[in-house]
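Each in structure tokens, the structures are laid out below.
Next, two complexes with chain A in common: one pairs it with chain B, the other with chain C.
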Partner chain A sequence: MTTAVTETYTIPVGPLHVALEEPMYFRIDVHGETVARVDINAGHVHRGIEYLTTKRTMLQNVVLTERICSLCSNSHPETFAMAAERIAGIEIPERAALLRVVAAEVKRIASNLFNVALLAHLVGYETLFMHVMQVREIAQDIKETVFGNRMDLGAICIGGVRYDLDEKTTGFLVGSLDRLVPEIEAIVQTYRTNGSILGRTRDVGVLTREQAIACGVVGPVARASGVAYDVRAVAPYAAYDRLPLEVHVLTDGDVWSRAMIRLAEALTAIDLVRACLRDLPDGPTRLAETPDIPPGQAIAKSEAPRGELIYYLKTNDEPRPERVKWRVPTFMNWDALRFMLAGAKLADIAIIVNSIDPCVSCTER
Partner chain B sequence: MPTDLLILVSVLIFPGGLFAFSLGLMLKGVDRRVAARLQGRVGPPLLQPAFDLIKLGFKRTMVPDSAAPGVFLAAPLIGTVAMLLAVALVPIAGVYTPDPRLGNLLVLLYLLSVPGVALMLAGSASGSPFGAVGFSREMALMLAYEATIVLVVAAVGLRTGLAEGGVVTFSLAEIVRHQQEHGAYLLDPLMWPALGAFLFFYPANLGIVPFDIPEAETEILEGPLLEYSGPALALFKVMSALKTVVVLSLGIALFCPIAPHGIAGLAVWLASMVVLLAVGISAVRVSIGRMRIDQAFSFFLKWPLLLAAASLTVVVVV
Partner chain C sequence: MNVLSLLGRNLRHGPYTEPFPFGPAPTAERFRGRVVFDATTCEGCKICERVCPAGAIKFSKTKDGLAFALWHNSCVFCGNCEFHCPTGSVHQTTDWHLAHAQARKYALVELGLLPNQICSACGATALATAPSLRGVTPPLSPEETVTLKSMCPKCRAKFLKARRAKP
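What follows is the complex of A and B.
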């Protein structure tokens, strides 16, 4: 070729795009097949939920926050309840703390597998996509059988949990986890060796450790860039301080590393659930009475499947909170997309965006 | 029957036209079904591609404001007509020998590149940036795989020509006749590199994974086809179905045209089409992911081209 491609044109990715599970708008200036500039435009699924929380009682808000987003639907009420409990000075029963971990980790397994499956779909490897989704179905069955729902578990209440494990559900849970482990291990092996996956994800969308720290990314995105930050380890809540938690860290910071971190964390989640079931003491699963939340303010944070989730709660004399504000992991992570997409190929945009596992409805509430 | 009429029949009814149209749709149905089974799904009914066509036939063709309407609407027609002619150019062993006036292997090669050109036209005429990306990708991909197929065809033609005591032949009928008399090239180890290269040509020419790059749905939303709807989109689907027939039957004619005469020959031919489809297309596309255009480009300039060049060299030397 004697003449270089000099023309730059603009490609809209979103707000509705097959590769995006949720509406998000990227205005991408493309130079040939290479990305020259990215504009990220948000706000398409703003539903005013933050405002809505101040119009609901504390109890109603547990239900409302669960509906912010389906993939992290357990993390939101859990963190909200933690903030409320902190204001009221409530210690939840030991059995409830462990059951909260069970609910959170089961959600994490399903959420991480979902993202890893989407990666295969975006790479055009439909068979692998369907296989991973099939494996995720085991986690969905757990949710449906133990909690009664496939997405929103309804597991959390202020002062404990709203579900309990009996002999039957425990047996099903253990059996399902035993089925999951070899399946996920096989998926890990596939993602580690398959040429199609490696060719499209290695050294793609790289976020260096310095950039990761500068952007303040959280969750698997941070841990794939060598930042060993996991709320469950640095600020343990529920029962994480007494559980064998392994924080996985990789240093390459590419799309592949992020997928591998998610798979490894799905396996760790299974270990955590098993440890919970082993140590599960008898006792109440919640406080005897629904507690009143006194005036005050508190911050609580937890590790959602996508990373650190922070809730700020301010209450006054009324049954409704005065202010609820939350910061979701995607809010921190999507700014880093600018670094990941810089100089990327057009074909890799969807793969890179998916690699931060964006949860747009959490972010825009 | 006058030969002019025969030519017309071969283009419009058998083996081109109606026959190829129904066969192409059926092959598409079989492909979807086989791929679904390999993925552990049930898959759509065999007639699903036909149902899709009927549905599209009842819809409107929207022409975007930014499009060049003439080229936009002509592109699918050009592609489909080229494929109708191309089907009539490929002999079916023991059943059909094309009239020499229709053209030879070289004409077929040109016709085979028309659908790609039609897609490029469509992409650039649609006025969509995704179409433009599809255009440039289609062009890069064509540049990559055309060299391979030309070398493969040259190798087969040369082998036949030399064996017949002449020089290179570009008559498919002669290539088929030679193999019927002396055995299929499928069983000739010297031709295996050419066969291997040809198998790479399949997914690239038919635009399926890992080479569905110009239309990559999750990247550029079907690229050139993005703005098409209704009957115009249906025409593109017909083009693609016909192209499947052409490329598969070309493979059979080049490498394994061994079949009895008459209806039995047709049955054998149909069976080998289905087998080739299942092995060469369906199985490939479910077991691999999509390449990036730069990866596909350098891949094609490496292995398939090397194989094709090797086969040509072997044919010349031995």
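What follows is the complex of A and C.
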């Protein structure tokens, strides 16, 4: 062919460094600089953790599931423990239920701020990126001081929680949250008004409500497209049924809406932690004895920072589970990237991919 | 948030990062770091070995007794061992200074030994584990604990049975 030069080019995006430093490979056909077709290729970091869980005992799996992913590292063992507790018919103590909420919401604050910071980085606004990361550092300090690690809290055990709050850690937690609120409110204001942010995120990567429902997206991605679905509200677990939970919904479905949902949820998370600390009763934080899990099967679900996380657990007479299977929020959300990326500009691909807050290590385990 | 006011604030504050290794790096009291093992309080129940998800803890029988080894290069610092340990013999410290040269990788092991002893009652050889005190009523006096610790498991059971039988 000497005359007609094909108008469509195929370019690879990834597998490294699309948004997060996690491998995800896109084969993108472009017309000029407009995306025409997207192929998503997964499986670069498959580690076989689902198989490994069947080679570990229930008590070891609480730790193993925590290491599936670092950003939602509390949601995995929590949901795993919930499934085990459902099989054994265990009710966790009230203090444990509230402490589980504290751990989950502290993780949510840090996770959501991390994603919003990365958005600023991808927009090219490095000052804002570093500022948000510095604000997130307050949440990191909470994790290190209260739980003993910056990412893997080790907060969950089957039948309750592993940690407890005393006067000192409660004081630190309250003080840190008081510092976080004005900082996050200022960040919200910046994302609401800053021209660089708005210019790169408004009406970019739009996912309509119909598309959101068709793809079955979950978490902030769904709520930014007008789908008011939050596991904490529709199927309350731990202590969420007795806490003042506000489900934030926006209708535009663009990158900006998803960022605003995450910021709003970080503020709500602070309210939830405060409510927990106010209502925290005395009492045990776990069952007196480490429970045996009888044969059976159960499904449990929770709202991870990225959305609905579902665990299926099947046990038998062995100390090791027969099958553990989880469905992570990113698995549902990354399919919607086809709609978000359709017609997008080449330069917006990273911003749009980041807007679903992809967690590839969860999805490919 | 005004970038200029942020800049001013950051100028006043100075660097947010820790100056380590040229200055101190504050460590949280609950930080989960290097694991230490206390053989004198260990009951030898081996629950830490069973719950360790990384397989970092190994008990092995030697001619001197029961040897404990925790490999810090396999350890994931989850704290499951400490959490499940009934006596607090396995304990995580706040020490995170674990960086080391490749040549020292086999040296980062926490070792302990539950030695063999001759039972003070029957003369059999048995491990000098700490006696399990949970559920013993009334609680053992310190002298009774020392006596109990010097015995083999069979004589310990006899001792406790005789103690229960006492009016």
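Definition applied: the second predicted complex is superposed on the first by the 356 of 365 C-alpha atoms of A that agree within 3 Å, B and C clash if a C-alpha of one lies under 4 Å from a C-alpha of the other, contacts with A are read in each partner's own complex, and residues count from 1 in each chain.
Following the convention adopted for this analysis, a residue touches a chain if its C-beta (ideal position, glycine included) is under 8 Å from a C-beta of that chain, and two chains touch if they have at least 3 such contacts.
Every value quoted in this text rests on a predicted model; they were computed, and no experiment measured them.
A.B. asks: Aligned on chain A, chain B and chain C: do they clash or fit?
C.D. replies: Taken together on chain A, chain C would fit alongside chain B, as the superposition shows.
A.B. asks: One more residue to check, A:Q134. First (chain B), second (chain C), both or neither?
C.D. replies: both
A.B. asks: Who does A:K345 touch here: chain B (first), chain C (second), both, or neither?
C.D. replies: first
A.B. asks: Name the contact category of A:L267: first (chain B only), second (chain C only), both, or neither.
C.D. replies: Neither partner.
A.B. asks: Is A:E126 touching the first partner chain B, the second partner chain C, both, or neither of them?
C.D. replies: Touch partner of A:E126: chain B, not chain C.
A.B. asks: Just to be sure I read the superposition right, which of the two partners does A:T10 touch: chain B = first, chain C = second, or both, or neither?
C.D. replies: Touch status of A:T10: first partner only.
A.B. asks: A:A88 in the overlay: touching chain B, chain C, both, or neither? Say first, second, both or neither.
C.D. replies: It touches nothing on chain B or chain C.
A.B. asks: With both structures superposed on the shared chain, find the angle between the C-alpha centres of chain B and chain C as seen from the C-alpha centre of chain A, to the nearest 10 degrees.
C.D. replies: About 110 degrees between chain B and chain C, seen from chain A.
A.B. asks: Quick check for you: in the superposed arrangement, does A:T290 touch first (chain B), second (chain C), both or neither?
C.D. replies: Second partner only, chain C.
A.B. asks: Where does A:T57 make contact in the superposed view: on chain B (first), on chain C (second), on both, or on neither?
C.D. replies: second
A.B. asks: With the two complexes superposed on chain A, say which partner A:F147 touches: chain B (first), chain C (second), both, or neither.
C.D. replies: A:F147: touches chain C, not chain B.
A.B. asks: Nearest CA pair across chain B and chain C in the overlay: distance in Å?
C.D. replies: Result, nearest C-alpha distance in the overlay: 5 Å.
A.B. asks: Could you pull out which residues of chain A sit against chain B in one structure and against chain C in the other?
C.D. replies: Residues 127, 131, 134 of chain A touch both chain B and chain C.
A.B. asks: Which chain A residues qualify as touching chain C in the complex?
C.D. replies: 56-57, 59-64, 66-67, 127, 131, 134, 137, 141, 144-149, 152, 154, 157, 162-163, 169, 186-187, 189-190, 290
A.B. asks: Could you pull out which chain C residues touch chain A in their complex?
C.D. replies: By the definition above, chain C touches chain A via 1, 3, 6, 16, 28-32, 50-53, 76-80, 83-84, 92.
A.B. asks: Any idea which chain B residues touch chain A in the complex?
C.D. replies: Contact set of chain B toward chain A: 38-41, 129-130, 132-133, 136-137, 209-210, 212-213, 216-221, 286-295.
A.B. asks: In the complex of these two chains, what residues of chain A are touching chain B?
C.D. replies: Where chain A meets chain B, its residues are 9-12, 17-19, 30, 32-33, 120-128, 130-131, 134, 194-197, 199-200, 345-350.
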